[in-house]
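Consider the two complexes below, in which chain A is the common component and chain B and chain C are the respective partners.
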Partner chain A sequence: MSAMNFWMKMLNIDRRWIFLAIAVVVIVPFFARMGLPLIPNREVRSIYDCIDSLGPRNALMIGWDFDPSTDAENQPMGIALLRHAFARHVPVFMTAYLPLGQGLANMALEQVSDTTVAGNFVIVPWDAWEPFRAQGAEGRDSLEAAWIAAGHRLPEGSRGWVFEGVDLAFLGYQPLFYLVILGMGNSIASQFPSDANGNPVAEMPIIQAHKNLRQVDLAVTLAGSSACVTWIVYGTAKVGLRVAFGVTAVMATDYYPYIQSGQIIGMMGGLRGAADYEVLETQGGYTSSTGRAYRGMDVQSLAHLAIILMVVLGNIAYFASGMRKKTALKAGR
Partner chain B sequence: MKRTVPLMITMVGGLVLIIQYFIPHQVSVSVFNYYTSWAPIVSGFALILGVGSITRLHYHKIRIRDRNWPYSLATLIPMYLMPVFALLLPPSIWGGNQAPGLFDFMYTRIQVPIQSTMFSMLAFYIASAAFRAFRAKSALATLLLIAAVIVMLGQVPIGDLAGRWLPNLGQWILRYPNLAAKRAIELGVGFGVLATCLKIIFGVERGWLGGAGE
Partner chain C sequence: MYDLIGIWVAAILTLAIYSFLYKENPLYRLAEHLVVGTSLGYSIVMIWNQLLFPRLWQPLTHGQDWTLVIPALFGILYITRFYPRVAWLSRYPIAFLLGTGMGVGFPLDMQALVLRQIEATIIPIYAPGAPFDVSLGTVVIVLGTLAALIYFFFSKPHRGPFFGTGSKIGIWIIMIGFGATFGFTVMGRISLLIGRVQFLLGDWLHLLH
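Showing the complex of A and B:
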């Protein structure tokens, strides 16, 4: 077989071999971990630094503005943000642009509050601390002291308490979310009379301290579509809301202009962005080890290498098999 | 009538909302609050229309045993079953309020994995397409190819093994040449959207009427 024939055969290779190669490349790193070092990008660091400067008197809004198709990229971002905010006792509003996003937000909360895993948080439901509320213990410190005095103890390895209504308001999904963002500029409670669990939002201490978007210090939208831009158009432009993006890798290139113009303070792009945030959290002492996104970087490293190898092979085959000359003749060049 | 009334509603609604956006007055806020109360109600009717329309379409396909009619069943059955699971079979039936219900099971164990899998399969097709179509046929195509390779390697930690220059170069491509091109495109799209919106508000563009009144 001449070299030209070999490359011609290579050019017409059954694509199932390519699928198999990618499958192997994706599966192997799960068993043989590489754990390559990662230096976080400045776009991610600026989000981390911003949240790291917040405390119990500030507020963070996180939008689960994606559906399960981009769960692999967006969900680790949400989990990392929740861990960071809860560790610093930054009150968090959780919203969803899409109906399916609410379920994903709930899954993220479940993961962060799974006390069988060390380093997680214990979420105290709104109803559970009602007796303390009746006694007037609504400030975070006084509430936690009363809660512990009542005999409640953190499970071993848990990182802290998260009081629903004080540290967290799971607002969930509302239809026509662009209108909801506009409406939240005046009043958050008017747009969400009750939260995703049916609790009265207007009675929550978090709402009494942060009535509208002007009193929210940062909104991070996690999106797999252009839904994230809605936060700029109706939040930043209307009430000066500070916004950051957590978007999929294919979308990230679209949003660099918003960083340069100052319309967003930073951006997590794809799994790499989430992994960067996990690394920063571990360096900051908020987590003992990195999470799912960082583990995924091994897979992504090898997958990118494999795709580049295929591009190179495809080009060698294209030129060596004489296909270039044939197509050039066909095109009259 | 069929054409004039929708055109008038669009024009008045569009102009009122544009004007109120720039006037921070109590009257303006009241108008907006009315609108935000009305809009979800109107969209609720749109949902009824949508569900009705999709039901009619797929019911017709099933009735005449059209090509691929079982897919119509696969569309209709979950569409009607999920609300039943959510509203008529609450979690308490399956063992207390803390236990996940059937709706939760269908969502977390079926819908989430299916959608994630569908999107993940893109990796396989991208690899195949890259092998077959990403060719250095011309100077511009070669430039694109080189930029893609640098950005791809710069985005993953394995790129760091070649030295910090590679991720830095990848970031430079994203932050400067990519940004400039994207800004130009965004501006063009923005002006296009603005022009189209004005044409719709003033009744110049009437395609959205679907031929009503003609």
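Showing the complex of A and C:
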């Protein structure tokens, strides 16, 4: 077989061989952990630093503005943000732009509160601490003290308590979310009379301390579509809400201009963005080890190398097989 | 138990979807239709649970707020689209939604997506004391924006030192943008595959720790 024939065959290779090669490259590195170094980028660090400067008197809003199709990229971001906020006792509002987003937000909460995993949090449901509420223990510290005094103990390895209604309001989904953001500029409770679990939002201490978006310090939208822009248009432009993006890699380049214009304080782009955040959390001592996103980065790096190799081989084949001359002739050049 | 069933169903459907990479088959089509059907069903239940029941049905049936009858009837007019003789009635809720949407959204869209973006390109090219990389970035932003705009200016032939060179630089800037977007796209698609492989190897087969 001449060299030209070989390269022609390469150009006409059945694409299923390429799929198989990618599958091998993606599966094998999971069993040979390399731990390639990852240096968090500036856009992710600015989100981390912002949340790291918040405390129990501030509030963070996280929007699960994606559906299951981008779960692999967006969900690790949400989990990392929740862990960071809960560790610092920053009250968190959880919303969803899409109906399916609410289920994904619930799954993120389940993962963060899975007490079989070390470093997680125990979520105390709104109804569970009702007797303490009746006694007037609504401040976070007094509530936690009363809760522990009542004999409740953290499971081994758990990092802390998260009291629903104080540390967390799982607001969930509402349709026409752009109008919801607009309405939350005046009153969050008016847009969400009850939370995703049916609890009365207006009675929650978190809402009494943070009545509207003007009293929220940062909103992070985790999006797999242009839904994230809604937060800038109706949050930042209308009430001056500070916004950060957690978007899929495909969308990332579209939204860099918003960092440069100062409309968002930072951005997590794809799985890499989530891995960066996990690294920062581990460096900050909030988690003992990195999570799923970081683990995927070794695989990501090798898969990229494989794709670069294929692009190079494809180009060599294109020129070496004489294909360039043929296409040039067809094009009349 | 239910979690285990869920994981098995998810794993089988994942493999069914990926079977398309070999060739199209009935299993793939079944999984594809299931995605559409379950997503729609889930959304309907969510809208009923989160909106229609607590914010319309309950207040109406408990006599708390009879004014809700007006938006409810207005919304129901959408359904008239299915009946040709009265289909014209559906134009009113559509017109209302379009009108309010434009009225509310247009000024804010202009402010956030157009004016703020233009403002971000009107910056001093040289700021005394600024680090070199920041100054270089500023020059690239200003010249890149101008060059890309020149490329899209079609009322003059792209010849000569201003339009010719400007449009050539513009096409390079646009190509670099496309390249960056394509790179991120590859990264995104691989990330999605990684997510599924993590699920299959970890949650389903318990091969990852």
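Just so we're on the same page, the second predicted complex is superposed on the first by the 333 of 333 C-alpha atoms of A that agree within 3 Å, B and C clash if a C-alpha of one lies under 4 Å from a C-alpha of the other, contacts with A are read in each partner's own complex, and residues count from 1 in each chain.
FYI, a residue touches a chain if its C-beta (ideal position, glycine included) is under 8 Å from a C-beta of that chain, and two chains touch if they have at least 3 such contacts.
For clarity, every value in this text was computed on a predicted model and none was experimentally measured.
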First, second, both or neither for A:R295, with chain B first and chain C second: second
Chain B versus chain C as contact partner of A:M8, first or second or both or neither: neither
Which superposed partner A:M107 touches (first chain B, second chain C, both, neither): first
Contacts of A:A209 with chain B and chain C, given as first, second, both or neither: neither
Touching partner for A:S194 - first (chain B), second (chain C), both, neither: second
A:P257 touches, of chain B and chain C: first, second, both or neither? both
Contacts of A:A146 with chain B and chain C, given as first, second, both or neither: neither
Which superposed partner A:N315 touches (first chain B, second chain C, both, neither): first
Chain B versus chain C as contact partner of A:I232, first or second or both or neither: second
Footprint overlap on chain A, comparing chain B with chain C: 19, 22, 26, 67, 69-72, 100, 103, 174-175, 179, 182, 238, 249, 252-254, 257, 260, 269-270, 272, 300, 303-304, 307
Interfacial residue positions of chain C with respect to chain A in the complex: 21-22, 39, 42-43, 46-47, 50-51, 54-55, 104-105, 108-109, 111-113, 116-117, 119-120, 141, 177, 180-181, 184-198, 201, 207-208
List of chain A residues in touch with chain B within their complex: 13, 15, 18-19, 21-23, 26, 34, 36-39, 41, 67-72, 100, 103-104, 107, 174-176, 179-180, 182-183, 186, 190-191, 238, 249, 252-254, 256-257, 260, 269-270, 272, 297, 300-308, 310-311, 313-315, 318, 324, 327
Residue numbers on chain A that touch chain C, as the complex places them: 16, 19, 22, 26-27, 30-31, 67, 69-73, 99-100, 102-103, 172-175, 178-179, 182, 193-194, 196, 198, 229, 232-234, 236-238, 248-254, 257, 260-263, 269-272, 292, 295-296, 299-300, 303-304, 307
Footprint of chain A on chain B - complex, ascending: 21, 29, 32-33, 35-36, 39-40, 43-44, 104, 107-108, 111-116, 118-120, 123-124, 126-128, 130-132, 134-137, 145, 148-149, 152-153, 155-161, 164, 167, 171, 174-175, 178-179, 182-183, 186
